[in-house]
Amino acid sequence: MDIIGGVSRFQSNVFPDQKELFRKLAQDGQRPRTLMISCADSRVVPELITQSAPGELFVCRNAGNIVPPFAMKNGGVSSAVEYAVVALAVSDIVVCGHSDCGAMKAFFAPEALETMPNVKSWLAHSEPAFEVVKSCCGHLPQDQQVEALVLENVSIQLLHLQNHPSVAARMAQGKLSLHGWFFDIESGEVRAVGPDGVFHAVSGDRPLPVAVPASRRIMRSAEAA
Amino acid sequence: MDIIGGVSRFQSNVFPDQKELFRKLAQDGQRPRTLMISCADSRVVPELITQSAPGELFVCRNAGNIVPPFAMKNGGVSSAVEYAVVALAVSDIVVCGHSDCGAMKAFFAPEALETMPNVKSWLAHSEPAFEVVKSCCGHLPQDQQVEALVLENVSIQLLHLQNHPSVAARMAQGKLSLHGWFFDIESGEVRAVGPDGVFHAVSGDRPLPVAVPASRRIMRSAEAA
Amino acid sequence: MDIIGGVSRFQSNVFPDQKELFRKLAQDGQRPRTLMISCADSRVVPELITQSAPGELFVCRNAGNIVPPFAMKNGGVSSAVEYAVVALAVSDIVVCGHSDCGAMKAFFAPEALETMPNVKSWLAHSEPAFEVVKSCCGHLPQDQQVEALVLENVSIQLLHLQNHPSVAARMAQGKLSLHGWFFDIESGEVRAVGPDGVFHAVSGDRPLPVAVPASRRIMRSAEAA
Amino acid sequence: MDIIGGVSRFQSNVFPDQKELFRKLAQDGQRPRTLMISCADSRVVPELITQSAPGELFVCRNAGNIVPPFAMKNGGVSSAVEYAVVALAVSDIVVCGHSDCGAMKAFFAPEALETMPNVKSWLAHSEPAFEVVKSCCGHLPQDQQVEALVLENVSIQLLHLQNHPSVAARMAQGKLSLHGWFFDIESGEVRAVGPDGVFHAVSGDRPLPVAVPASRRIMRSAEAA
Amino acid sequence: MDIIGGVSRFQSNVFPDQKELFRKLAQDGQRPRTLMISCADSRVVPELITQSAPGELFVCRNAGNIVPPFAMKNGGVSSAVEYAVVALAVSDIVVCGHSDCGAMKAFFAPEALETMPNVKSWLAHSEPAFEVVKSCCGHLPQDQQVEALVLENVSIQLLHLQNHPSVAARMAQGKLSLHGWFFDIESGEVRAVGPDGVFHAVSGDRPLPVAVPASRRIMRSAEAA
Amino acid sequence: MDIIGGVSRFQSNVFPDQKELFRKLAQDGQRPRTLMISCADSRVVPELITQSAPGELFVCRNAGNIVPPFAMKNGGVSSAVEYAVVALAVSDIVVCGHSDCGAMKAFFAPEALETMPNVKSWLAHSEPAFEVVKSCCGHLPQDQQVEALVLENVSIQLLHLQNHPSVAARMAQGKLSLHGWFFDIESGEVRAVGPDGVFHAVSGDRPLPVAVPASRRIMRSAEAA
């Protein structure tokens, strides 16, 4: 493993310039404003895409940027969400999918999953997305179906986020917003979904679309309004 | 969320220089050699510490760099491990703990966990580490206990990795090694554990200690030897 | 148990008039158009409120009209949903809460749950609703908080419905709509929630508000639009 | 959905006559004496069959009138049972199966279950009944096997009821009895099982057979007798 | 560990006399007729109490001689039951409780369970027995309550056995009987429960009481009888 | 069941000679020093092989001498381990596999598992052992593969033991050692594995090999050493 060379380079070439930052982070603790949930894919580096410095991004990564619903106790993703919301009080959660995602492509080659039973079970959390694509886009070429699945998958994970009690409460207080992103590896483009379910390319010229803005889920009777 | 500025900077300043790399990664797919399992902590950026380029590091991050044992079906970490080993055939898995870890410190302030039930359940996977520290280091100052816990926690997660069938098989074939690391935020130092359970600072001058080298777990009867 | 008198009355006084209907239902099988998920409360009788004849309403009842998210395998509610959508192809699902709900009131008297461990676990599926109410309506009198909780609970169960693959697919095909109702025991009033999260009294003069109309969850990129 | 017409009819034609009853139920709360666990089937309306008024019957309905054993935490049926026994102190629990049950028929057409994974898992709670029928009635015509399965299924769910701690305790105190029923859609007949395992048609002329009478499960040594 | 002396004694003093038996068992495989489920307690040795030779008794032992209901997938006891019934076709299953059982006594000293979370969860399978004792024998001295609990616990585990599909099927075929025993450590007495729930001392002079004889659980309608 | 004869023989011929021992054990309680986890196989009698008297061996037996990892709450084996370590403070745990094990052989005839779903799930805890054998010994004759699997299975269960918090803590305190054994039915030989993974025949002339001696799992940084 030549990773040892990388660590050496980090220590001699990179760390010295960031010494002060790391010292401060060690002493004051972390205060990230954003939780990013992205894929474990080696080509999708959250800190690179968002140009975040150490200390800025709380990051949970797994195969398929999946968020199981809250009821699944003992889960690593739900724990990261809970920690980010309750202990760190982040103001934004981004679920970031990406092009050519191996986890999403596995739905179209299910035989490969026979040797990966855990991955197969894990992908059950994306199944509603796949069922939507299968029943609505079955006529499209497969690469378009894969992209549709990646987008739908971001959508369903945003749904799952909202059934986490800590998330629901913070959103209702107007202190937390949810974002759904798509990263295109080849073009470097980032698209963000709005409340209407359409993904728009993110650009410095326009405000960032927000999937589910803070303060949205209060239901009430008309007479109480 | 001013993250939109970061994305813009990435697109105008950074991506153009890496365009060719991303194009190649989009077309050829990813071929990382290493899976890194690290904490979601914003101060621990795997690609930075190892100076890895996009495409080099498959990354799973969660609160406490935990690997639940295989039997827990439906898990995100086990799925990432399985995907890395079976689909990507990585040659190395690194479990990377770090100083000042909020997840590990939660063991010493359990009342804070009352509002984070998922985190509490999740940390059960680190409980053997905490029990060891409690019974052996109870007399030490708390910061030393925390550091001991971070190290023990890396150890127990390496144990959990070995009960994953895909990991056990690849190790027995001599094709996969396991590493346990500790990243010190303040000094930027990386320490790696050897088979003897001692963590040594990683340095370009010495070979990297390996926690569990490939080809280790074959048991046999003396007469068959 | 004097219920035997009721059965006798049914057989001598009621059944003879509906004999033909029951014969037809026995021979042709059931073809209900609606699944109603309501509370087990003895005061909330779905067929009475909707004046439905035998054969018209597929009914799932449990304490608190709860729908656990899909990922909880082995569940009775998810099975009823799946059977209604896949095998019976219902066009509408109604989640019906009600005033003075004992399950919802249990959140405000948690000590009573100590002797009902299963109920306590079950109510975890309503916890996001309670957290929203606690953080936003904590200043209101308790009866108003209870009513807010009943409404929020309907909302969160509608969210859970949408993570069922069969539901997501049928909705995306434009063949299934979701409804959220509130039944007021004292006044007999039924209120239905619209997409804006406001509950309006149902009246024969106005169209029925629909919580999540069919064909809503397709996400797409702007360029594909 | 023309259900809105039904609600209007309920409000204008039915509710006014029951206004006093509903007012009383709203103010005094519910005090049902019986929990009925029946199928979600639209043709089996518990309140109709037993001619129960609002407030008389606590009702849990799911596909196949199934009661998972107590150990399955988080379950809707077990919660309804627990609430009925502990909070409402009902004196009788009826498990009511019925003819032409789609859930039971699914055992004879298992391929249909491939698209209903949750139903498939759910029916595992009826598997002992199916195994009994398969091994003892395999030679009978299928409709007789289906009826035998419905009866056996009622039996196994009565068994499951008895492993609920709250049920076991109340029965041992002589305050709770268990009933097993079969409703025949075509004839409107209700049959009830006795301790001998035989189902007899319920009739106003005879006492109601009781499957497991209160005060039955106390074991003791002969010398202590 | 001086157990090595015991192994040596076995090899030099005991094995030579049973050499032929072991050779036959190694070549023909095992054909036990009975599955015994007993406590892990060191004072309760099934082969000693029943004077069984190697090859005669298939033995499952755990704390409290517990049989979780079938629905708990992945369980060691259910697997032993299934293997004994399906693969070995045993004709009898004995659940054997005993006096002074530490697992049962833990119900009366629950604070000790705080350091044994797994034991605590495990004992949930005996909770119906404890609830029965608590509500019916609360006035008795504690040692009598403990004995009552041991007996009730045997009873509830016999109930659990019957919800295993393989057990239910074999019993309905008349090929499998269930037994409930109590072993008194001090007197060496064995008591067996009959269908009436009374435990009688086992004696060579009387037939062995059978808790649930083969061929018992077939339900049927009177007209089909 | 002629087991009644055995009980009679125990009471008339055997118990009288051990009366004093049993009286003492009843009054003082049990104080076993060793937990043995072995297979339910009728040919493997732990007390016989180790020549242990009543009171000396705490015994957990299940199909395949399996120890699920700690995280699987509600488990019988983990409970026995926890009880032995915490309540009884045993100093040694032996995992004992054996030749011709039906559970291990099932891996080579998986179609037989179709009728034993619980056994199939249970054996998932041995899957890493099977994957190792499959990938490393696939070229050997099947009986050698079976024996390799039995040995590897002992190894993986020793791994699982170490993730139990109570075990990890006691080992780190130097008060608990782990042993892995193999019992050969035909020859009566017992082999024990050492830290190097080789099984040696146990003999009174040599010290007993110990798989994982007490006080082994403390990790530390070099500077702290």
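Order of writing sets the chain letters: A, B, C, D, E and F. Residues in each chain are counted from 1.
Please note the rule applied: contacts are C-beta pairs under 8 Å (C-beta built on N, C-alpha and C of every residue); 3 or more make two chains touch, one makes a residue touch a chain.
The shown structure was predicted, so the numbers you read here are calculated from the model rather than taken from an experiment.
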item	value
Shared interface partners, meaning chains that touch chain A and chain F	B
Chain whose Cα centroid lies at the greatest distance from that of chain D	B
Most remote chain, CA-based centroid, reference being chain F	C
Of E-F and A-C, pair with higher C-beta contact tally	E-F
Residue-number overlap at the chain B/chain F interface, same or different (half cut)	same
Distance from the mean Cα position of chain B to that of chain A, given in whole angstrom	20
Centroid distance [mean C-alpha coordinates] between chain F and chain D, Å	44
Distance from chain F to chain C - Cα centre to Cα centre, in angstrom	51
Numbers and ranges of chain B residues touching at least 2 other chains	68, 70-72, 74, 124, 166
Ring order of chains, beginning at chain E and proceeding to chain F	E, F, B, A, C, D
Residue ranges of chain E in contact with chain F within the complex	1, 3-11, 14-15, 19, 22-23, 25-27, 29-30, 32-35, 40-45, 47-52, 54-63, 66, 68, 70, 72-84, 86-87, 91-92, 94, 99-100, 102-103, 112, 115-119, 121-124, 166, 177, 179, 185-186, 188-190, 202-204, 207-208
Residue numbers on chain A that touch chain C, as the complex places them	68-72, 124-125, 127-132, 134-136, 147-148, 151-152, 154-156, 159-160, 162-170, 172-173, 180, 182, 191, 193, 197-201, 216-222, 224-225
